[in-house]
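One chain, subunit A, links the two complexes that follow: it is found with subunit B in the first and with subunit C in the second.
The block that comes next holds the complex of A and B.
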């Protein structure tokens, strides 16, 4: 039977783009995070919507699970095939199809990476940019949007899913469906004013269909960019500081880092406030406004801006930040995962102290990173753990620390982002039963044979 | 253990009050200066302690060499005054802490002490002037003088004797060095001013970087091409502690044919680069100083600004360049005169 399915897949995509070889199944069974490997039966790389449709038809016929995969960098194991089946690697569908300069959006295929779009815009439309997450450039646009990712403009513009203008999706049963203005006009300008069906695919971890195209918003790319670094030593101040800075409407991005490494930063909170502008006068005005909004902390000597000369700012201004990868490999062995809990700003102090407590318990240096979302409507509070993938005890220790962080986040009143399978269960246990029942009904209606990424968001 | 040699009687009997009346950042007339001096001598609260910009200039203004600035820092620390926000102070004190990683190294003279700023080597210790030199650097030989800006004499007292001993033990004695060239003005000032003021012995001969440059340039006199440049000189805070080195600047300019422009904020009236004052959170003052300083350079017709201190260069260099003046370290100026290409700081 396996051979028949393999041949059928090879018939659809060509035999160069299907594999059941042990080494490839090994690679596709895991991501750089802590989750246990789950081996697929086949790996397939489609090139077109029609090929995706044909694969889904086959999967329905044969009742084979299908797991869509972007860059494979989600870290929480969401593209591991929990019940085997086909991993649908979308990387060959990576074209940039249209840039609308005036309405500022771009239409891309689902396998288009962050780095590809960034390079393309830099080369062809340097006055435009998209919001870039601090993941490696091989992360896909689609993957990040569909997990409600965030990035370098999220303070100003919200979750990346809020920057989505429209989708083309192959439904689990094989029909191609367009979502947003592109369903009705040739343009991909907006999800409004139609009934917003994008929610059927956002945050569902590939359990409701296979996204093949999407449009995202682009933004002006001002010529000048600067970063201000504000240092404090009391987490209780942070909600007010975040509120004050975002209240100025001057910061494009606002992150807070609190890490035990390097050791001279222990116990301190470093707020990185990013400012962009078209002129020196504009950027000076913005920086001055932000500075003055924090004046009371400066005057009381409780917080201050670090003097950082331009020559030293480059590594803080680049997108994505390579500094993140340094921490990710701090234990060597390339293992890295974090609980990025989405929570209200006022929970910062408690979340911070919980992070210290868990890291101490697991005898690992604490590392927390916070990205402010949408003018402080909420934040992504990340508890990060690096581990050595070659040391299974180290991986399992990080896994336990992450699970405890997930529980802590939920108990505080937050929700783990891109939750691992065990964390999904924790969320569902706390979810309003009518909400989880609705999720179940939607999923059953869209995917009657239960082929899409089974094992995720499973509601009993 | 290390006590400042400050004579209260000398201070009390001083008729000039130059340390306070000449201060460029706290405006005091003679009567106000007398009152603040009285408070300082009695150990009472004085606005001087909280308003001091830590520019070090009063060390130079004192006609008796009585160390008024070091005394201010002692009093600030004793009274728990923090010129900079406390988290910044903590981070800065920790960041340059000794690492205990000293080891013997074979060196060939001349040896240049880069202090904790080894990162400047690839930009500044380049070209024929530095053929055959050895460099030393690192937190373990850091002079720590910058903590004067944070009211932390205690940190200098704790770390400097060990740093001096490290230089002696691991480098000077092992390699039979007759002298150590101080790349950073601040190191030389530490060894020649702060250390004797607090009774820390320096068992080697420090040489100012400009003296080293003068020697090397004189040896290459025949290669020097006169530079038709009008140069503004940015004198750093540390140079207030060693004003005897000021003539070296004029000698170097003369040697390369550069004209030091006459301007308001030079020599004893020099203004701070602004970096420390920004670190203190006094941004309006820092911006005002930077603007006045750069405007003064422009009005004097400078085409370049020569820095002594590398930190001043990174703090003020970009703003100077935006106004059309070339920012240079003194060693860069010398290299230009020798016909060498400079490596860009942005590379």
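The block that comes next holds the complex of A and C.
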């Protein structure tokens, strides 16, 4: 049987783009995070929407699970095939199809990486940019949008899923469906004013279809960018600081980080306030306004701006921030994962203290990072744990710390983002039963044979 | 295995697959095969799994490791601090495979050729100097420089033309140099990167003995691969000479006024950085300086150059073993398309292996009427001197 399926897949995508060999089965059974490996039966690299369709038809006929994979960098193991089957690596479908300069959007294939789009815009449309997450550049646009990612413009414009204009998606049963304005006109300008079907695919972790194309919003790309760094030592001040900075409407991005290492940073909260502008006067004005809004903290000696020489700013200004990736090797162990919980701003102090507590319990240096979303409508509060990949006990320890962080986030009133399979269960337990029933009904209607990334968002 | 203590530190973030600005995947094997297993990070994880017994030894695994062209793109772009050792780690993995008798047949054949004939073409040793016939190049006997041709420039038809061009230009410019002719032996660069350390050491020590015996102090290498071996791998074995790639020698001669041009053919030229001259040894300027000095040559750069150049696919032994294989996604074919996109009529190279790889790629891409490959020495030969 396995041979017949292999041959059928080879017929669809070509022999060189399907594998059931030990090497691919090993690699595609795991991601860089802490979750235990789950082996696929096949890895397939489609090149076109027709190929994706044919694969889904086959998978329905044979009742084989299908797990879409972008950059595979979600860290929480969402594209490990929990019930085996086909991992569909989308990265060969990586074309940038259209840039609409006037309506400021770009249409890409689902496997297009963040890095390639960024470089393409820099070269061809330097006046335009998209909001870039700090994940490594091989993360895909689709993978990030579909998990409600966030990035360098999220403070100003919200979750990346809010920047989605439209989708082309192959439904679990194989039909190709367009979502948003592209369903009705040749343009991909928005999801409004139609019934918003994009919600059938956002946040579902690949359990409702395979996205093959998508359009996202582009934004003006001001020529100048600077970062201001504000330090405080009392987490109770943070909601007010966040509120004040976002209230100026002058910051494009606002992050807060807190880590035990290096030693001199212990106990501090570092706000990274990113400012962009077209002229020196404009950037100076924005920086002055932000400085003024935090004046009371400076006057009371409760906080202050850190002096950073221009030359040293480079590593804070680059997009994506390589520094984030370097955290993986902070234990010289090549591993890290974080719980990014979405929560209201006022929970900062409690969330912070919980982070210290969990890290202390697991005897690991604490490391937290926060990204403010949509002018402080909420925040992504990340508890990050580095681990040594060569030491399985250390990986498991990080896994436990993450799980405890997920529980803590839920207890505080937040919701774990891109939640691992066990954390999805925690969320579902707390979810209004009618909501989870609705999820179930939608899923059953879209995917009668239950082939799409089964094991995730599994509602009893 | 050497480096076994660091292979777990790869996070598999994928920076290694790209150019510095992320415009394109630039790991030749990843962009050809598209499976993670053929990316540097994939290899790191597979290697660890193999050493830990999580995946078995297999022909396929060996091919994954031997398809690596050791171009160094990953070393350049990896985000983590052990990046300097990435290629070394892949070479160490191959060494492990050699020791366990797991190398693919093409690698075995290559190594056999070197063992039995001193060259992978399995040609007679005495034919090694045939490329120089009629040029009147003396054997080395204390001249200022030893001109080292290497296997490809000695035996391959395309390589021989390049060797003749290099030698002719050096002679015309009045440089004092000689060749080893039939006494020349493989430099061993490919032997080393294929993981046969013992054979490499034997070759290197033999060469070093020969160089010392003849009193060689300065070497000009035609192949960047030989240049790399002499410059980086011979000194720890006691072989310390001043080593130049021939483009560096020509650049110096232009700078000193020993090589001047009066005229040149009108040509729009783009230049391909060979990995073992560029990324591995940091020489990006000398070849460009030469091209800029020739009247009529208009240098048009490709999108991906210098540290971001895409390898021709001939490195890491693949010129001989071709484990990376052909097809539309073969690096040489991708690169020749990139060269043609610049509108250049000539792709200038500085390595006999690159020249051959690209000429084959031109045929495969049916670009014969659009672009041709010339070694920099050939372009210099064609220009009017004085």
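Annotations for the structure displayed:
What we mean here is this: the second predicted complex is superposed on the first by the 460 of 460 C-alpha atoms of A that agree within 3 Å, B and C clash if a C-alpha of one lies under 4 Å from a C-alpha of the other, contacts with A are read in each partner's own complex, and residues count from 1 in each chain.
We take it that a contact is a pair of C-beta atoms (placed from the backbone, for glycine too) under 8 Å apart; a residue touches a chain by one contact, two chains touch by 3 or more.
Since the model is a prediction, treat every value here as computed from it, not as a measurement.
Upon superposition of the two complexes on subunit A, no clash is found between subunit B and subunit C, which fit side by side. Touch counts on subunit A: comparing subunit C and subunit B, the chain ahead is C. When the two complexes are overlaid on their common chain A, residue A:183 makes contact with neither subunit B nor subunit C.
After the chain A superposition, the centres of subunit B and subunit C are separated by 70° when viewed from the C-alpha centre of subunit A, nearest 10.
Contacts of A:289 after superposition on the shared chain: neither subunit B nor subunit C is touched. Shared-chain residue A:103: touches no atom of subunit B or subunit C. When the two structures are aligned on the shared chain, A:248 is found in touch with neither subunit B nor subunit C. The minimum CA-CA separation between subunit B and subunit C in the overlaid arrangement is 16 Å, rounded to the whole angstrom. Those residues of subunit A that touch subunit B in the shared complex are 231-233, 263-265, 267-268, 280, 288, 291, 297-299, 301-307, 309-312. By the touch criterion stated above, subunit C contacts subunit A in their complex at residues 8-15, 17-19, 21-24, 33-37, 42, 45-46, 49, 54-56, 58, 60-61, 64, 79-82.
Put simply, subunit B touches subunit A in their complex at residues 82, 84-88, 90-91, 94-95, 97, 275-276, 278-281, 283, 314-315, 318, 322, 345-346. If you check the complex, the residues on subunit A that touch subunit C are 16-17, 19, 21-24, 26-28, 32, 43, 45, 71-73, 89, 91-92, 113-116, 118-120, 122-123, 136-138, 322, 325-326, 328-329, 332-336, 388-390.
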